[in-house]
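Handing you this structure, nothing more for now.
Labels A, B, C, D and E are assigned to the chains in the order they are written; within every chain, residues are numbered from 1.
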Amino acid sequence: MIRPEEIKMSAEETGKWGMVINQDICTGCQACVAACAMENNVTFVGEEDSGYGRSMHWIRIERFWEGEYPEVKMTPNQPMLCQQCGSAPCEPVCPAFATVHSTAESLNLQVYNRCVGTRYCANNCPYQVRSFNWRDYERPEPLPNQFNPDVTVRRRGVMEKCTFCIQRIHKAQDKAKSEGREVADGEFTTACAQACPANAIVFGRVDNPQSLVSQLAHKGHGVKHLEELGTLPNVTYFKGG
Amino acid sequence: MTEENKVVDLLAVFSDLEPSADAVEQLRALGVRDECMNVISGVPVTEAMLGRPAQWTNVPRIAMGGAILGFAAGAFLAFGSPYQYPFPIQVNTHSFTPGPPSVVVLFELTMLGMLLSTFLGVFLDSFFPNYRPMKYVPEISDGKIAILVECSHVDEKKVTDALKKLGAESIAHVEAQHL
Amino acid sequence: MTEKFSRRDFLKLAGLGAATSAILTGCGPASRYVKREPYQQMPEYNYVGQNTYYATTCRECAAGCGLVVRTYQGRAIKTEGNANNPLNLGKTCARGQATLQGLYNPDRVQGPSTGDWDSAIQAVADALKNYKPNEIAFLMGMAPDHLFDLVSELASATGMNAPVRFGALGMFESRATLSKAAENLFGQAGLPWFDINGAEVVFSFGANFLETWLSPLPYTRGFVGLREGETKLRGAFVQFEARMSATGAKADHWVPVRPGTEGLVALAIGKLAAEARGGAMPRAFSSVNPADVAEQAGVELEALEELAAMFATRKVLAIPGGAALAQSNGLEVAEAVLALNALSDNFGQAGGVYLSGLAPMQTEYNRPASAQEMKSFVEKMKSGAFKVLFVHGVNPVFEVPASLGFKEALGSVEQVISFATFPDETAAEAKYVFPDHHGLESWGYQRVATGSDKPVLSGAQPVVSPYYDTRATADVLIAAAQLAGGKFAEALPFKDEVEFIETKVSALMAEADGSFSAADPVTFMAYFQQHGGWFKNVDARVSLDGSAVLNNNFKGSEAEFAGEGEFFFVPFVSPTMAEAGANKPWLQELADPTTTVMWNTWVEINPETAHELGLHDDDVVKVISEAGEVEAYVYLYPAIRPDTIAMPFGQGHTAYGRYAENRGANPADLLGAHFNEAGDITFGGMKVKVEKVKSAARGIGLSRLESTMGVYGDSLGEEH
Amino acid sequence: MADHKHDAGHAHSEEHFREKHLMLDPLPRGVMNDMVMESMTGKPTWKFWTVVIVLSAIVAYGLVYTWAKMIAEGLGIAGVNRPSYWGIFLVNTVFWIGISHAGTFISAILRVFKAEFRRPFTRAAELMTTFGLVQAGFSVFMHMGRVWLSYWLFPYPNQRMLWPNLHSPLTWDLLAITTYLLSSTMYLFLPLIPDVAMARDRSTGWRKSLYKVLALGFRGTEGEWAHLRNAMNIFAFAIIPVMFSVHTIVSWDFAAATRPGWNSTIFGPYFIVGALHSGMGAAVVVLAVIRSNMKHMDYFIRGEHFDAIGKLMLIISMAWAYFFFNDYMVQWYGGDKWTHQLLHFHEAGPLGWMWFGMLFCNIVVPWAILWNAKWRATPWLVSTVGLIINVGMWFERYIIVPISLTINRMPFTWRMYNPGAEIPLGIGTLALFILLYVLASKVIPLIPVWEVQEGQMAHELKKFGRETVVSVSELE
Amino acid sequence: MIKSFFNWLKQPLGLIAVGIVFLALFSAAAYGLYTTQQAPDQPIQFPHKTHVAFGIQCLYCHPGASKGPAAGIPSQAKCWACHNQIVKTRDSALLAPLKDAVLNGESLEWVPVAIVPDFVQFNHRAHVAAGKNCEECHGDMTQQLVAQNPQVMNMGWCLNCHIENAGEDQAKLIKLTDCGTCHY
């Protein structure tokens, strides 16, 4: 049996996996969004539902406007995805333990099996990055041939969100273990980071000060969104400019 | 069954509180013990009104027992169940047995246990549900007060006379019947 | 690697498709009801549960990015960039990611329209044989190159018309103008190559190089270098354009110049910068008066002076592109902007302008047909000079502006044979449709026209066996040529497409500095496939001599506009969908980078203008030009000139599968047949009218990812 | 009547008291029994059947069909979206739980404080509690994405070795609502036993069988009464904290969240007062409907009762206004920009009329009407006020749930909420509530005869000098 | 009318009828549940027992088990390669579906036997690498004809084994009982 007193609360740690996003060089090209959808079997929902706030993007690129024409300026593109909070507001409110903290990987997990669809977690997510399967969205044959077998295909009534490509984490760990070594920094990355033409997204171990992501994160002037809520997010943003 | 042991088994129906109370007194004077009398009424006539000894009821004790059981169930849920997991289910940075939520759980289950057992207590104490034949006349629910005398020591005639004198509307042997 | 898999080979793994099945709710695991089918012929290397990765080339546009496709049990699962390809260095754009939704699109052409391939090949052979060679024309897309080479060989050997290539992307990039400007200024045609990475400051005159322009991935990389270069300060970026593009959105300064005045602005900045520098005023700037230009362009003179000061003191790279070139004076704009680089001494050095080097197997730069050349092609069709038209890799009915009359001209061609993979508008008009494989099922190669400093030949190989009864067009042509016999058979003496490619590629073995070498052609081909192509480890960029460009005399003419309307019209290629993405549902559901609109076409109007016209978000308007009219929803776009409206190109299909059909509008329908001196269509030179058709109705309108409340403050009420 | 007016300052005649006070207008028990029985067993009129059929049709379409469709197709047919993940479902849940508070308030709190006017309508209010909770349960289960797995929310040992998450306010909700539903059903049933026994004694046929089973063999012996009285005392005291806990926990569903506008410490009492507000409003509507549609009910339910409830409504309305302002003031003063945005959106957003409507219905209307003793004693007027208060309280919940959900800390996701299947489902629950009530009125004695009789025993007129006053003896 | 029906129901005959209806409904429900727990028929009654008796190793036909998530089913070519050479089986009626499938280039539609619940990721490789033998989960194939699932493969079953394997090693236990190990 687990002895709870031996489990360190992740809040005391730095977290394990993290991301650095450089908004200054993000061009808003949506490659990350497409890559995420392809990797994680994220469904498309069609014009009507996507226009009604029901799109399933696990990562979305936000942008606002500053000033008035002709001095108008678009704010730096801000890819918004699950921040994998160390102290996540979504977790305690789920009555079924469908969204819990992974002690092993320091990630927010969404356990689809266990989800009964109360959507409380999504209400309580300050980043609004959770998407709910409002329907069984149709993916006509042969589109399902493309499904990634490493990732579950969700159906109606369950919540889903970015997993930091946990299937890739497992795969890399599995491979490293079979070769009797540790996972090397940069050995694998998430789908969004892999696709990003600008390398604006960098993923890796934040608890390893040698990793690229830690070094970038400590370069200074990085912000973590809504940190003041005590969520301990694991994604650092650089606005730049 | 001897003559002396002949059971007096009467149901006297009164239309008012005052004569019933008198009747209880009279009966007691005739040697009918309190245990042998029972007052049946359609409105809650208290024992004090009739000069009857207070009824013993287990309901509060059962309720207390239920509350303890409920508390125990709540304690199990709040402090036991998190340790039932073979795996560490951590949410947010909450501890496994967080304080305030445990208070809520304890409270709700205590109240649930108490109220359920109170309800149950009425059933236990009153032998509900009871669909066997019973001595009863429907007029009782019309507001009459009936005194049921089941006694083996007193003369039936004396009792009947006394009750009649006090204004009983009817005095009769009542066969137990399905209500 | 030439195993022939049949379609049955696909192993349909448990549960994935049927997990979505609604019927099974709550009745135990969905996977219970799924059948498993094994491989017919499982290759030994393909253990179940093992992923196999194939390097190939992306065919979503003609840039030639390398892909590595993960396949699992015979199905393509995920595309990633090929890190070995010097063009994209392991990265992909959204379209490259979504190419799988093309491969497994539910609306592909599933087989030859004649029913079987024997009769299809017979039909092609008949078409080749029964007409005079000069009555046969090929219209091809900008990819793939191997098929173009094959057809070119066939054409030159038999006297057929040389294949003509066209693509809407090329049209919207005004490639002919860029090439012509290079030729005029430097005496050498070709695509200019801008080293943004090494620049200190970038002045882009309409070039949307972060979206679809020429080769967006290397330019994005360049942009990162500009901003994040380790050895220098963060580079500045100024964009001159009437409508803020996704590229312009990343600029430090966005200068909304009036359409058609970009060249003047460039010259004025040049003049002011030269003044600030002191010394002799170059001849090139003599004709402009900055104060007049500022007024014509609708910008403050002070702003121009500030920019010029930047120009005078720092190393500035000036890039012409986009709608700036698609004006009646587009060629001069291109020349003026390119010439501006001479001020910063940008020619032939890092951070400057080069000419893209020739790709392997290329002896001279050949560009796709300009719109004007398409017009003469169409006229030949109309006149009956072409009796047979083969169409491959392009959807001209959709992509060629309607005013050029391609669709009508199709009626004058006796036999139109389409090799379309998808049931597009052209295929719908064709007599025969003999579907080619999807790009991921195909062999081939693609020359990288621009974007890499190295000469790159990206190689393509099938990553999965064809899903439908399709056949490689090269194979069809080879078979048909054999069947037609005579000089046709002689022209294509190949067993099949693969042999043709081997022949071509193995010629590279002799080249020095190759990315790999091999002793024999078989090994070389194997490496070629394994590496996803071949490149030469040399800097092939052509250094230009810009010493004399400022001595040119620029007229400083203003653009002329066609049509009566009150608005300038800026059509732009949808950055997420481009010309052929509309049938991929996930590309439809990607939010446009600037407007975040999904699944539809919109008209961008400045909020002030809209207010004057009584227009609101999601009103339907009719945009009327001299060439036609289209209807679309209004998007109040804060970053567009009040006298300009803009529309994205990519939607408005009447065919092309369920996700594209009858969705949005095609702004190419509004383009009149006007051309600049280089022959490119002046898509930026239209004037249009806007008429309100109906008001926004509740629940109907553009599907946006953004919140109009949060971003624009709609429905939030007046501020305290 | 004119005479009475004339005599207003002087001693009232006994008739006046009899007319005014049920408790001073005793009828023989048998007569009263007959009246109650007659009101219940009277042959159903065509009006009754029409109501039942229409309501059944609405329930069949709105609740059964729409819900089945929603289970089969997913919540997409409703209007919930990002960011309004909860819509009218939760509005209705809170609304129905609020309604359910009236019964407990009337029969427990008023019982504890020996407010004699409660006697004739405790049962009617208790029925509202139970049926209202049923609707609340429906509403909350409806909104679940995979309702067929809702049993996972209950604690029971299982092979997954999982228990529900006791950190979640929704789990507390489930525990609290379950507790409350069970307790209020029991509390409805206990005082019903003597009345059912009465009905058993004077009915035949299927009714006889039904009442026989329900009466459990109750005769009215001293012991039975004593146990019952004891149990009811325990219930009356214990159910009050349960009731408070239920709506407090419901308020924590919102207040415990990290959202602007929700994270408020005053939400607990604010919700409770709101619940009583709507509950009393609903109770008075139900009473007026019963009074005008059922035989003899004008004997049991009189102006004095409307007057008393009206007073309560007025006080509760004031309390509600106090809590509302308290919440508003603190949120407004706090200075968080998102909260400011939210408050502004409440008032000036597209549904600002709802915010003002809420204030009008919840404060202006009751204050304007209920201060007048004579108006207060006018059933139709008070019940209209009750109806308006319910509309206002529904608005309040709508403002708290979907409208407040619209504004969060990610402005890129703000979006309006347009209800879809929630509307038929909501109307379905309302219809089911009415239908259950209508059907129950045919089988359950709506008037607790024995309590009325008990009360009438305790009341008498007493003379102090020239003044005749009502005097109550404390029997218990 | 309705009343007479109810009266009839009170008769012994009526009570029997009610009983029968209830029994039928209950059986139908039970059968429905039962069928969800039973594997449908396989296209070929594949006798594992016989093959194992010949000394064929599990990994010969299911090589994926040691390589990745799915153990896989052998290609028909693999089956036919052997059976084609054995006279007895070449023309056996029992193997006719295989022969037809191979000759016509069609697929046999096998039905999954050992399945985990939806939304669960299972990796054979990790389990084989941890030293688990096939029969520990799939039962003793030397005793089985058509493969049967020896147990309900549910979460409790997985967890019991995981906990047992972790033993006193807390880090391993945390890893093996983490929700994210199987659910993603």
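The rule is simple: contacts are C-beta pairs under 8 Å (C-beta built on N, C-alpha and C of every residue); 3 or more make two chains touch, one makes a residue touch a chain.
Every value quoted in this text rests on a predicted model; they were computed, and no experiment measured them.
The chains in contact with chain A and with chain D alike are B, C, E. Common neighbours of chain A and chain C under the contact rule above are D, E. Ranked by how close its C-alpha mean sits to the mean of all protein C-alpha atoms, the top chain is A. Centroid analysis (C-alpha atoms only) places B farthest from chain C. Interface comparison, D-E against C-E: more C-beta pairs in contact at C-E. Taking the mean of C-alpha positions as each chain's centre, the chain lying farthest from the centre of chain A is B. Taking the mean of the C-alpha atoms as each chain's centre, chain B and chain D sit 30 Å apart.
Per-chain CA centroids place chain C at a distance of 66 Å from chain D. Computed centre separation for the pair chain B/chain C is 89 angstrom, with centres defined by C-alpha atoms. Multi-chain contact residues of chain D, defined as those touching 2 or more other chains: 73, 149, 161-162, 165, 167, 410-413, 415, 418.
Residue positions 13, 15, 19, 22, 30, 705-706, 710-711 of chain C each touch two or more of the other chains. Among the residues of chain B, those touching two or more other chains are numbered 82, 85-89, 91-92, 94.
Across the complex, chain D meets chain C through its residues 71-73, 148-149, 341, 344-345, 347-350, 352, 406, 410-416, 418. Contacts from chain D toward chain E in the complex involve residues 158-161.
Those residues of chain C lying in contact with chain D across their complex are 22, 25-26, 698-699, 705-707, 709-711, 715-720. By the touch criterion given at the top, residues 1-2, 4, 7, 9-11, 86-89, 91-92, 94, 97, 99-101, 103 of chain A touch chain B in their complex.
Listed in rising order, the residues of chain E touching chain C in the complex are 36-37, 39, 62-65, 67-78, 102, 105-112, 115-118, 124-125.
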